[in-house]
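My questions will all concern the structure given below.
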Amino acid sequence: MIAADAVALEDRVRIDDLYARYAAVLDDADFEAWPDFFTGDATYKVIARENHDRGLPLALLAFESRDMLRDRVYAVTQTLFHEPYYQRHLITGIHARRDDDGFAVRANYCVVRTKAGALSEVYSAGRYDDRVVDDGGDLRFARKLVVFDSELIPNSLIYPL
Amino acid sequence: MIAADAVALEDRVRIDDLYARYAAVLDDADFEAWPDFFTGDATYKVIARENHDRGLPLALLAFESRDMLRDRVYAVTQTLFHEPYYQRHLITGIHARRDDDGFAVRANYCVVRTKAGALSEVYSAGRYDDRVVDDGGDLRFARKLVVFDSELIPNSLIYPL
Amino acid sequence: MIAADAVALEDRVRIDDLYARYAAVLDDADFEAWPDFFTGDATYKVIARENHDRGLPLALLAFESRDMLRDRVYAVTQTLFHEPYYQRHLITGIHARRDDDGFAVRANYCVVRTKAGALSEVYSAGRYDDRVVDDGGDLRFARKLVVFDSELIPNSLIYPL
């Protein structure tokens, strides 16, 4: 059970804003702005819940620096052949705990996807298990771990979650 | 990218409450109370994301005063022939920026619809791009712009989003 | 219409945290921790919106003490034969009003379900209509009323909402 730890009110507000802006940038398909949410040596991993719970290392995506995230953005926007779709992030239950050099933040997410000429549908649901740090005055992700509940849909994962 | 601007804490709280009450009123089907969330000369527009992004003016719904919203409520509750359904609003990522005479507020929304004898399903997802002002002590929408991701489902849009 | 009542900021924060932790515990399938969110004589009821709106008493689930919730957890984890599934709670629009001895809290919820080898899907959507009290320094539910919009899916309801 997650304890209700003391996080200063202004930090809660900054963390809430971080997630709101993160969702807005991705849902606006402003992918070039996405790596800026991360520290230079940040890790970003997308892993199935079943693998994560069993301690299996196999992840769908795993990047170990902001430069790798920039490479991914280049691939997504320039080279990967894919059918475009809209994303809509619903991020709820944001809960932060303070520790030595930042915040451990957990949140639930659900991404609704809309393809051209199709209905909106649940695309991926799961949780974020993140480390957030103050990076020269801005909050950034030092680690973003996306644990998704279903293994099916994200096989065609193109855009960041 | 949306900047993290300084909105006073009490204003954040009031804005969060505005959206919570807005969702509650619509989801309770208390449509008569809906126009009260708007200023007298408010605009309310529901537009497909594709049209909005291309600068095309064609909107699914467009009203230019609170009186027009009252007319819409009358139509919805008294004259429009439609199969009733329940709405459930999930409004997340509320993010406000202060400007001269109010707040520019953006949020993501997803409406889950339930028809009689049917499963709950994603009905519409998109974003709100709103102007909120203090109107005699109460926060109200001076503009509510609903940009929906999918063009399909809202063809049968009856109730306000 | 729900009024925007004065709830102290620190209470809002505690209430937000309560719902975030509640969602996290259920979504982690940490069911043994679930009864601890309730007072000793709490009531927990899951009822269809149609029955609730008509004043019909028939509920899908109704428990009248924390001990009954513990019995339910035992049934869910030990005796009920069921196909496991993942839950993901999206709780939004949390809105509290202070009254004599606690808080009346309303929120919207949507639970996304994922079965093994299947897509994530909307499982249940509806609202919480709760009473929250300070119980020896911790906020707990003295009443949790889950009003779900669709009567269909929850026929197979196993885990708490």
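Descriptive notes on the structure:
In order of appearance the chains are A, B and C, and numbering begins at 1 in each one.
Here is the rule we use: a residue touches a chain if its C-beta (ideal position, glycine included) is under 8 Å from a C-beta of that chain, and two chains touch if they have at least 3 such contacts.
These numbers were taken from a predicted model, which means no experiment stands behind them.
Taken as a graph of touching chains, this assembly is complete, with every chain in contact with every other. After Cα superposition, the angle needed to carry chain A onto chain B is 120 degrees, rounded to a multiple of 5.
Because chain A and chain C share one sequence, their contact can be compared position by position; here under half of the interface residue numbers appear on both sides. With centres set at the average Cα position, the gap from chain A to chain C is 26 Å. Residues of chain C in contact with at least two other chains: 9, 90, 92, 110, 122. Those residues of chain A lying in contact with chain C across their complex are 1-2, 4, 9, 12, 49, 90, 92-95, 106, 108, 110, 122-127, 149-153.
Partner chain B is touched in their complex by these residues of chain A: 9, 13-14, 17-21, 23-25, 27, 30, 33, 36, 86, 88-92, 110, 112, 114, 117-122.
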